[in-house]
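Multiple structures follow.
Both of the next two complexes hold chain A, though its partner changes from chain B to chain C.
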Partner chain A sequence: MNVEFAPGDQVRVRDDYPPGHIRTPVFIRGKTGTVTRVFGEFGNPELLAIGRDGNPKKTLYEVRFKQCDIWPDYDGPGTDTIDVDIYNHWLEKL
Partner chain B sequence: MADHTATDTGHDHTPGVFQKDEKVHGYYHVLGLALKELLIEKDVVTAEEVREAIELRDAISPATGAQVVARSWSDPDFHLRLMADANTAVTEFGINMGSTVLVAVENTPEVHNAIVCTLCSCYPRALLGLPPSWYKSRDYRSRVVREPRAVLAEFGTALADGVEVRVHDSTADMRYLVVPMRPEGTENLSEQELAALVTRDCMIGVAVPNAPQT
Partner chain C sequence: MRAPHDIGGLPGDAIDTKPHDLTFWEKQVDALHVLIGDDKRRIATRDENRRYVESLGEDVYNTLGYYERWTAAMTRQLIEKGILTQDEIDAKVAEIRARLEAAGEIEE
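For the complex of A and B:
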């Protein structure tokens, strides 16, 4: 079941470290950001990587993080950001 | 001879003047070669088709992406189409994004965009060709998300504190193209002249284009 988010929603990335081909970078796991775009549904890369057809598909979101929320010692303005594309099963609603 | 190496030719050479053999192929290189040979042996593809596919890839250069940016600068309608649906917009240049989705991100006086793939080396190859080796390096991939301003400064790109630096990590099915700001003083340039100002690094977002020196 795909949890749906909308632009503006605050989300937290799952703080989870399962084995396999995971497209959620470790540096944002457990971090909080804001959904900025909904890209639509795409094959699940964790299943595609092991030769499956990628179904059920996952909704892909662009999530914007503040650099200073990711790196406590970030050396730059508080307005600097990083956008990461994340599939819905890696996001939790706040 | 005391030192029998892969370079031992069985006869005397002046020491140190000839090149050593290249190191033995790695596991994945051998795997790739074996797969290619099998596909050819089983008539799935021909060697010629493999070569043609490589030539096709090699034929794409950043000049392709530069044309798209220049059109976006000179044609406001195209700019809107590119920002709304880049996959469809670039078909006007005969570019096919395949199964990936192209997202154009626009630099403004408030926001400067830069692109990375921290997990591997995702890159808009259909527009820019093969990525430079630094783009694939562990150094760039880990540092540009950690200290983007320091990395940009090493490329000669200094940004004011008032400009938001926005790094895009292409972790999934999206490929990003940075549309830089059109330099001042280029009002009278043709689309072709504008394209010449748009370098690969500008479209990755580690550099900004300059007006031609007069």
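For the complex of A and C:
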């Protein structure tokens, strides 16, 4: 398995807006978080969505973000977090 | 570009979290979706269905219910892949409508 990131790594989500079926929600693009889990390899949903076989597979990570880093007007505790599942090709190591 | 399904962070109304039973036709749509994507047929993947649902356009997306979106998406897929034609679908819909009307099962 091609594992580029490990739990604890700081990563930045790509701030791109390509057409097609994209699993990375818009609200998290461009944000910085910390890898918390490696789920494993799965067929690339962007390719499966256009009828391809999904290869090469992509590694899926769980990334934890601070809520106050995501929402400019967040007024909850600074320790609040949100976890988002993101494929490796949407992540850049910091 | 933000597609109509990708609404995280946007202002919105309260979410209805009450569980509700699926109707028979919703279960049929779900079953059809499984059948066209199974290992024997491989007509469409779950991700393909998502792509079609997400590309219905904002007006249609927000007008249709969940399984109505699935139905619209599967219809486009089956037509684009050459499995059904719009004429065949229209003829079948007319046939079923006539049958239900004759049985008094359609409320206008």
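The rule is short, and it goes like this: the second predicted complex is superposed on the first by the 91 of 94 C-alpha atoms of A that agree within 3 Å, B and C clash if a C-alpha of one lies under 4 Å from a C-alpha of the other, contacts with A are read in each partner's own complex, and residues count from 1 in each chain.
Everything that follows uses one rule, which is that a residue touches a chain if its C-beta (ideal position, glycine included) is under 8 Å from a C-beta of that chain, and two chains touch if they have at least 3 such contacts.
Computed from a predicted model, the values in this text were never measured in an experiment.
In the superposed model, A:49 lies in contact with chain C only, and not with chain B. When the shared chain is aligned, chain B comes close enough to touch A:81, but chain C does not. In the superposition on chain A, contact of A:27 is made with both chain B and chain C. Measured by the number of chain A residues touched, the leading partner among chain B and chain C is B.
Using the contact criterion defined above for the overlaid structures, shared-chain residue A:17 touches chain C, although it does not reach chain B. Shared-chain residue A:39: touches chain B; no touch with chain C. Within the superposed three-chain model, A:71 lies in touch with chain B and with chain C [touch as defined at top]. Where the contact sets of chain A with chain B and with chain C meet, they give residues 25, 27, 45, 71. Against chain B, the residues of chain A that register as touching in their complex are 23-25, 27, 39, 42, 45, 60, 62, 64, 67, 71, 75-77, 79-87.
Remark: chain C residues 1-2, 6, 8-9, 45-48, 50-51, 54 touch chain A in the complex.
Within the complex formed with chain C, the chain A residues making contact are 17, 19-21, 25-28, 45-46, 48-51, 54, 70-71. On the side of chain B, the complex with chain A involves touching residues 101, 118-119, 145-150, 161-162, 164-174.
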